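Here the chain labels run A, B, C and D in written order, and each chain numbers its own residues starting at 1.
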Amino acid sequence: MIKVSIVGVTGYVGLELLRLLQIHPEVEVKHLLSRSQAGERIADLYPQFAGSSLADLRLEAYEEADLTDSDLVFTALPHGISQREVAKIYKQGIKVIDMSGDYRYGDIEVYENWYQIKHEFPELAREAVYGLVELNREKIKKASLVANPGCYVTASLLALLPVVEKGLINLDNIIIDAKSGVSGAGKSLKEAFIYNEVNENFKAYSVAGHRHTSEIEYVLEEVARQEINLIFTPHLLPLKRGILATIYTDLSTGLDEDGIIDLYREYYAGEAFVQILGDKLPELKYVVGTNNCQIGLKYDKRTGKLIIISVIDNLVKGAAGQAIQNMNLLFGLKEDTGLTQTAFYP
Amino acid sequence: MIKVSIVGVTGYVGLELLRLLQIHPEVEVKHLLSRSQAGERIADLYPQFAGSSLADLRLEAYEEADLTDSDLVFTALPHGISQREVAKIYKQGIKVIDMSGDYRYGDIEVYENWYQIKHEFPELAREAVYGLVELNREKIKKASLVANPGCYVTASLLALLPVVEKGLINLDNIIIDAKSGVSGAGKSLKEAFIYNEVNENFKAYSVAGHRHTSEIEYVLEEVARQEINLIFTPHLLPLKRGILATIYTDLSTGLDEDGIIDLYREYYAGEAFVQILGDKLPELKYVVGTNNCQIGLKYDKRTGKLIIISVIDNLVKGAAGQAIQNMNLLFGLKEDTGLTQTAFYP
Amino acid sequence: MIKVSIVGVTGYVGLELLRLLQIHPEVEVKHLLSRSQAGERIADLYPQFAGSSLADLRLEAYEEADLTDSDLVFTALPHGISQREVAKIYKQGIKVIDMSGDYRYGDIEVYENWYQIKHEFPELAREAVYGLVELNREKIKKASLVANPGCYVTASLLALLPVVEKGLINLDNIIIDAKSGVSGAGKSLKEAFIYNEVNENFKAYSVAGHRHTSEIEYVLEEVARQEINLIFTPHLLPLKRGILATIYTDLSTGLDEDGIIDLYREYYAGEAFVQILGDKLPELKYVVGTNNCQIGLKYDKRTGKLIIISVIDNLVKGAAGQAIQNMNLLFGLKEDTGLTQTAFYP
Amino acid sequence: MIKVSIVGVTGYVGLELLRLLQIHPEVEVKHLLSRSQAGERIADLYPQFAGSSLADLRLEAYEEADLTDSDLVFTALPHGISQREVAKIYKQGIKVIDMSGDYRYGDIEVYENWYQIKHEFPELAREAVYGLVELNREKIKKASLVANPGCYVTASLLALLPVVEKGLINLDNIIIDAKSGVSGAGKSLKEAFIYNEVNENFKAYSVAGHRHTSEIEYVLEEVARQEINLIFTPHLLPLKRGILATIYTDLSTGLDEDGIIDLYREYYAGEAFVQILGDKLPELKYVVGTNNCQIGLKYDKRTGKLIIISVIDNLVKGAAGQAIQNMNLLFGLKEDTGLTQTAFYP
């Protein structure tokens, strides 16, 4: 049994980790750390755990908890704050999977520029492995610190990697129009996220400036070995979970729609968590609650555009599930252990 | 491995059975029967199964499928239609768990009166065991045909059994004000269930006439050994899953609120799927996606009323999950095998 | 033209007043007061007013605004805070319609007991007229200070007045099971009201203790001239607007369902905003966006219970619309002026 | 008073027309025609009209109704079916505003190609005026038959007209990523539109093939006097009303963001129903329930793209409201008569 702890358990990502770890057959949960609610029993705060074997676990304060009995710690903390906590745990020789943006960039300058936060552990950032399994599987197996990818980024990269890697699209005209559920914003107590403001509403936000733009570009540039400037526009959906990205690219190859679909199927052959749909297009409900990414493809002859549609659950493949997939790799387990659920439907 | 098949797999209950069985460690799914979509691959119809080990299963027509290799068949069919299919399968010596109302009443007259359908297999109805595990555990273990309880009924009975069995309330003044999500209506293609008619709407329906009234009374009368006429009012919530029942009773005992809570805790001690909350009241989000029933209790001194609030997921504890709980009993498995998930949150 | 101002315009009730007053043919809006956002242009804060004739109005601070050019001020402030603001304005000889609970009880003791707030203007509370038009029309016409009724209270009283006034029910066994949309909670920045916590969720709250219990009892006791203790249970619906109350009473008369329906129709004959539905039961979508209350009635022979179902829009008939109805009376206008919209559907 | 009738009143567009006409100060509603529910009282079918002055109107069958006392008929019928009904009414010398796609193309070939329906009244199609008021105001004033624009088309054209007319963008790389609420699909009784399938779901549909592509191109080509092939991708939002279009274009001019915003403000100066927002981006909740279109603009220096965001209520500015705006023009009324509501919020 892998002994794991969670730092920052009361956020949506922390709780989703707990939900998934609770049914993972090879995991024993040791410590749940929380800044604001230390001392409380998890089932008193979150009665969904009342019937669970974890019901009686109590949250612990950061300062008081001793994590040295853990094989692995998940840190689910805000950007900027995570840096230091990760470093502290890592220095104790414990493996860490970090959910924040703090260790996703080997090049600290890009991070500091887009996040406007100073990075105090640049050498650690260079050591961290970017945890997109489908891209970095072998590196992750040997890693001690994994930076779990951003949610929008995961949906976008899995959609774009095949055509970027194979050089089939014009890299100067990529448009990612992405839509996310509200859980992506975490438990923010802002007027914009209260029910009355969200239900029956829809909007774009952070247009031409969202941080995930830089993370998508950063990874694609490594793959393409050239600079990429793309458009990424996030929108807020009136629903809880899920990201759908509609991606517009100029295809620079003779392949038709079927050829492209075949190419994607080949690229992702053997992947447990990526499915290329054929004549159906992916919908959020096909993946919500699961670690799956589903991808659909349409080629528009009139304009020569390839439209790629990609869906994930932002809290699973976009966060907690992908983190557990990383954990499975780190500890030599079958990659889909504890992650074989199908979507929560209806 | 238990070999199971599902008749009527494309309804919400059938698909929920498949979702849960897919991760059940002791089950092998053999046949999926469907009237309208025989021949199709399950993952083509329901792409949420595209990444699953069941992806390539094909639906079979009723007439053509040979179920004799199954240890157990779940029938998820409309009331009235289920009767005959159940009988047909049962006569082949296969165990059956029926999700419809057809075999829930040993007394055919009550059934025929409330359902306005003739019952053609009265002897089989008498043989069937009513599958509310918390009430009938020992009988179920020896059963060959289990009638899985109604969703509203499950939420209501678990809330009322302790006080009715112990004779602590006035049986002439029980009011059940129940609220259900839309999945309770199945995939009905009626104007009343299209999105535009449901979202931002709320209504009562079948007031003073819903069939589940009779099922609640039928079971409670056996427990109380006296006639009971109660009020049951269902409402349609603008959400997909979940039932919350607010139950009003006149307490005829000297117990205070704490005493009542203790009594419920004792009554359900050892039950894996019933949790009595203390100072928090249950909410749908604590149980959605799980086989749990959570119960909260308030005593109003000013009026002498005990208010019982009970929540379940209508598709899990109210249908597919309870059916699998029954299956586990039938086959000597630990009762919570495959059913230990915590709620889908947020 | 009636010159009106709003104190507390940025809450949901304040903004709903503005939405309705903006299309009222006899009203000129003078001042919009706000504690937190003084100086801002209304259309910059709430772009829904960008195309309106009011777009350029600027919010004013309480201390700086001179309201003496107003014929009427609506105060839309939290309970407790409203007391003093109302008194201040009233003393300047301006008519006031107060949306809070502060002036709804002539008997200060009841208020102080249920609200746990000291009332500093008891004489003014006695002078205020309770603004349920269908009950107090003649008094309102001559009033200078109107206490606009609570939202749950409006739905409950309109449903109960006919049978209570005529003595047709047992007053010791009234149960009001009420369900409200989230706008009833105002713009509270609490975790419980963020989208992720509300959508696909449902719960009861303030069971056996909500303040509106006292307001319903207070008014009914005056009508019935006897003490009444009833049960009022509010629930939170995953929708924005609307209250549906399901009310259970013991009928103590020989009338059948049709007789009761006739009695209600007679009682509310001539009322512009109360409709008694016949064989259809009321749904929220029939009244959302309007000042209407719709009532449905079912008699259950088996138990002798009369079930009354009542629906309103909590922000219109339960707040801003009823306030404008009161305003129309105060200024001798036709009672439905500016309030003749039909429901926002779908 | 203008005497108007509605053919096809029981669809969402027909009912929205009735909702808006009911409060229009210059309109008298004469006939409501319905194929399926002739003979019924409108308030019995749609109890939201129970308190309205129109409550007692009865639906009439097509064959039996005599529309010759109407000054204007709105036809709210499915594409293909509308053709003939419009022609029949028009030939009686009655003005018609048609909500379908049948008369939107002077060039019948384009219509027949994209709709795959034969047009039997080509001369009438050439006579019809396309009812986008902001483009065709003067022509509409003199028209007898107005083809009301499509909902997606309205949102897209109002966003694109300024830059297309002034030649400021590359016409070969226009991408319209549009998202609509479910009411856009009408009352379709298809599984895809039932509540359980829509809530908490999101998807693209008709990718690279939606008919509105042709309508957008058709109008823009007339304005630009050159062929245009653009990408239009519709998505289904889990909400009832509203369209948001995110439009990506390559700006071919030296203007910066402020310059573009000024240009749009100038272009739409004097328009009652188009608002250019400044530093806020438009959200659906700013326009739902109104005839307004709000537009926001962002220029992304890194890629040289202009991102235009446009929002409307698909049933109002995208259908019934725009139709009434057209009616006001046809009959010489002030263009915003009966249409001055602000958004339904929250």
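The rule is short, and it goes like this: contacts are C-beta pairs under 8 Å (C-beta built on N, C-alpha and C of every residue); 3 or more make two chains touch, one makes a residue touch a chain.
These numbers come from a predicted model, not from an experiment.
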| item | value |
| --- | --- |
| Touching chain C and also chain D, the following chains | A, B |
| Pair joined by more contacting C-beta pairs (B-D or A-B) | A-B |
| Most distant chain from chain D, judged by the mean position of its C-alpha atoms | B |
| Rounded Å distance between chain B and chain D, as computed from the means of their C-alpha atoms | 46 |
| Intercentroid distance (Cα basis), chain C paired with chain B, Å | 39 |
| CA centroid of chain A to CA centroid of chain B, Å | 36 |
| Junction residues of chain D, two or more chains touched | 12, 183, 196-197, 199-200, 238-241, 282-283, 285, 346 |
| Chain B partner contacts - residues on chain A that touch it in the complex | 12, 15, 18-19, 22-23, 44, 46-53, 183, 199-200, 240-241, 272-273, 275, 277, 280, 282-283, 285-287, 289-290, 292, 294, 340-346 |
| List of chain A residues in touch with chain C within their complex | 12, 182-183, 187-191, 193-200, 238-240 |
| Complex contact set, residues of chain A against chain D | 172-173, 175, 177, 179, 181, 196-197, 199-205, 207-208, 229-231, 233, 235, 237-242, 244, 246, 248, 281-285, 288, 298-300, 302-303, 305, 307, 309, 346 |
